[in-house]
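Report on the following structure.
First chain written, first letter: the chains are A, B, C and D, and each begins at residue 1.
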């Protein structure tokens, strides 16, 4: 079973990368986009199938390692195996 | 209107960061996860509302800047404004 | 306040609300005391609104006002003919000849780095760099003095790895080499790490920029990055003790943007090359508040700012937020009227915000408007000149216990102790750290981490066809366990070790910047540590003619009432006229090693508060090694003298761990060996004899090991000058350090431990 | 010999390479700004190291979309020589001038240290022809993302076309755990050439080894030979 953790910067936290990307986009002529933020994804493949267990474990992983909860938010998404 | 671009490494491209995360996870006792890959998200806020135009533009952005198509895949997700 | 804060993001009427009057309760929540609040009301003849109170609270915080330490800082020696600018400006400035000046300062980012190690340390580096280039100097080197808790704790690893990544992340990206530093571990830092960053720059002596505002009606300019809601009230956070609930303060971390930092650096230096800038100040702690107040106060003028003109990153920011935001990479400048357009072009070229946001006034007041109405109107002088200054009670506690060798039973051999020492990350190589720092960008690094006792950076362009050029030598030093045992001796020791390190690299010590890291000054024994250290630093700095030209104080480094070891870090800068004479620590085959400052009669080494003691007894105790300033000065002078005559090929001062580990360090690089001479009285002692151990591991001060190929010449000079010395032996290619009839130490084996201990802890 | 150095916001080794080129050519190279749409014909353009655009998005990605890149491509198609060092190499890859990709170092740490390079057998190129096959150069690296990655087919192609300029190589006498390959790059690749041999991308910094007092002089030797052969 595959789980995707989406990690984004908390509202109000500066995202210099997003700003630099937005500048480049507008230099390339893309002017319809007025805000760019960046985030991370971590894709985890579990060997077990118990959804509840997977979610509980992923949460623990996020809090203890994957996410810098000082400046980042996260959400967990379950994906069907393809 | 908000668009999320999910960028992931192509199958077969080495992901040292994913590997390191997996090692750390298993050192922390999380052993149910047998594969970790990392990806990026780019969140774009558009000032326009025409969905089709947004998607066409986002595709262009991806091909010309946001994605290194040699090693990365991407998908585009439209989000309702909140 | 909490309820209001929550509303802040939802309710755009907040601006109106913050202009409401405050009361004592709000003042206390902002970190002010009742007396301070009453004082403010009296001085400004009204009850401040919340913006005004926020400005007072920031300016009165320990971080900005130095209220606990000011009385004592004034006693530091700050004068010398070579001092151009002492403490009080963004950085200290000294004359280094050829119409050039060295500009340098050290600063702490302890609390933010504990909360978010990467961003906390990165913004620390960014901040200290701005302090230096604000003065018109191009930064040429960075150093870092960092301290962590027990190395075995997972939290320590997390913090260390984050801090090192953050320091490297900023310094590497902005392209200024990180050339040295120091790293210590002690359980007292478990809940309170120290991250002190030092930057050194070079400016033309007649193009130094200062912060004092000049000329009523001159335009006030905001440049750099946009203002966001980051780090609001960071200065008060830096002045508060940590408690369990301080995690609530987390969203206040600032994010560093070294890319914008680089653009700002280049743009400012480019602008400073014109005649447009009258005064300039970076926005550091307490952002726009401290920069505007300090500029106005130093010029005895007032300032008017229209906060609607401040470039902001987020919507509906209130005057309170704009004034107290600690967003990074911003500067405030006063320009010559009429030069705005020229200046703007430069900032446009570098894609940076540029805005005229107000003007200098003669009112002596800080007046702010927001949405067309007045948001703040207060006199400036009480913010600075009348900021509280405490004469806190203190008690200097000295551990005067003499550690009696005869009562020490040893059951370990010299080899075993050496192995434990080099396994200890305090003594092990810090290569794992410094390899993450770009040490050679800018092309002028001559010697950096691990190569010599002080880093040497060439003064750019000083190399001409006929000369390889001159350089600055830079080091940071402090031995907190000595300071704990005796603050005065410990303070002196830090200065002396720094000076010895500078001299051991072949350079002449010139001046000091210092970072005083302590616990809660409201406790009289901690205040005693502060006062004692300052006394020690003062006497040594005065004696060695290395005045203090800048510095920083970080107090309340406590978690749940447990203070850190007192840590007054000394950053020292010296000069070497010919970089060809720089000295590494690595000895070469055929060199003779001798210790300056130690005689044949010396056999009983100082064990009190030594690393040896920690290994044998698992704790530190006893008086620290005493400092004799005359001796220190004498060996520094003689070393420089010998080096000028090109008689030396390496040097290394004896510090942590004592003589033997420091001899080993000189042999590591080239895998060399030595037959070590012992004083006659020690010959035939056993491998476990306490006297022999104390000779090998005692931490007596005032000693430097030098390597020479001209033993006879050196000897005769030393004898003539009546300098004590002891010949240790001649370096050979055997890779064995042999102590005759006692033991043989394999340099390769020990080196392996030395080089890999830290990386194996970290992986 | 007319050389130019292309400077992007965030470049930070521009001054260093200018000093080095001046030392070799006795002339001050032309500074080119990332927005420059025109500049005179040059014999050599160097894209220096640094963190162009903060390394944001991907190293070199934003710089590779700058206006100057078109001109640099024209310079290359005219047969001009082009050298990308470190971030410059990353930019050349992002701009599609050189193939493959540069990903995070294997140890995930920024790494600054000396490396030893071995000159490979290559097609005719001004960047290698001054050296005997297999000769060693000591040149430092300092980067976060220097791990050259390419599919097997591309690696084979590069090798058969003689486009691998140098590889990291182990020194004999070292006694430590440290890997001679500082970043984990495929086949220990440290630098690659374009098809015509006139473009070189390399991670190590030759401009940091031009002084006997620090870094040694192998970088100076390298740059001197390159310049001799570019002028021809």
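Some notes on this structure:
To be clear about the criterion, a residue touches a chain if its C-beta (ideal position, glycine included) is under 8 Å from a C-beta of that chain, and two chains touch if they have at least 3 such contacts.
As the structure is a computational prediction, the values presented were derived from the model and not from experiment.
For the interfaces B-D and C-D, the C-beta contact count is higher for C-D.
With centres defined as mean CA coordinates, chain B is found 9 Å away from chain A. Inter-chain centre distance (chain B to chain D, centres taken as mean C-alpha positions): 30 Å.
Between the Cα centres of chain C and chain D there is a gap of 36 Å.
In terms of their C-alpha centroids, the spacing between chain A and chain D amounts to 34 Å. Annotation for chain B: residues touching 2 or more other chains are 64-66. The multi-chain contact residues of chain D, meaning those touching 2 or more other chains, are 53-54, 56-57, 62, 65.
In chain C, the residues touching two or more other chains are 257, 259-260, 351.
If you draw each protein chain as a dot and join the dots that touch, the picture is not a line, a loop, a star, or fully joined; it has some other shape.
Residues of chain B that touch chain D in their complex: 12-14, 16-17, 20, 64-66, 68, 70-71. Within the complex formed with chain A, the residues of chain C that make contact are 115-116, 118-119, 225, 228-230, 250-251, 253-255, 257, 259-260, 313-314, 327-328, 351. Residues 165, 168-169, 172-175, 257-260, 262-263, 350-351, 434-443, 445-447, 468, 579-580, 582, 671, 748, 751-752, 755-756, 759 of chain C are the ones that touch chain D when the two sit in their complex. Listing the residues of chain D that touch chain C in their complex gives 9-10, 12-13, 15-16, 19-20, 49-51, 53-56, 109-113, 140, 142, 144, 175-177, 205, 207-208, 210-211, 213-215.
Chain B contributes residues 6, 8, 18, 21, 24-25, 28, 30, 32-48, 53-54, 57, 60-61, 64-66 to its touches with chain A in the complex.
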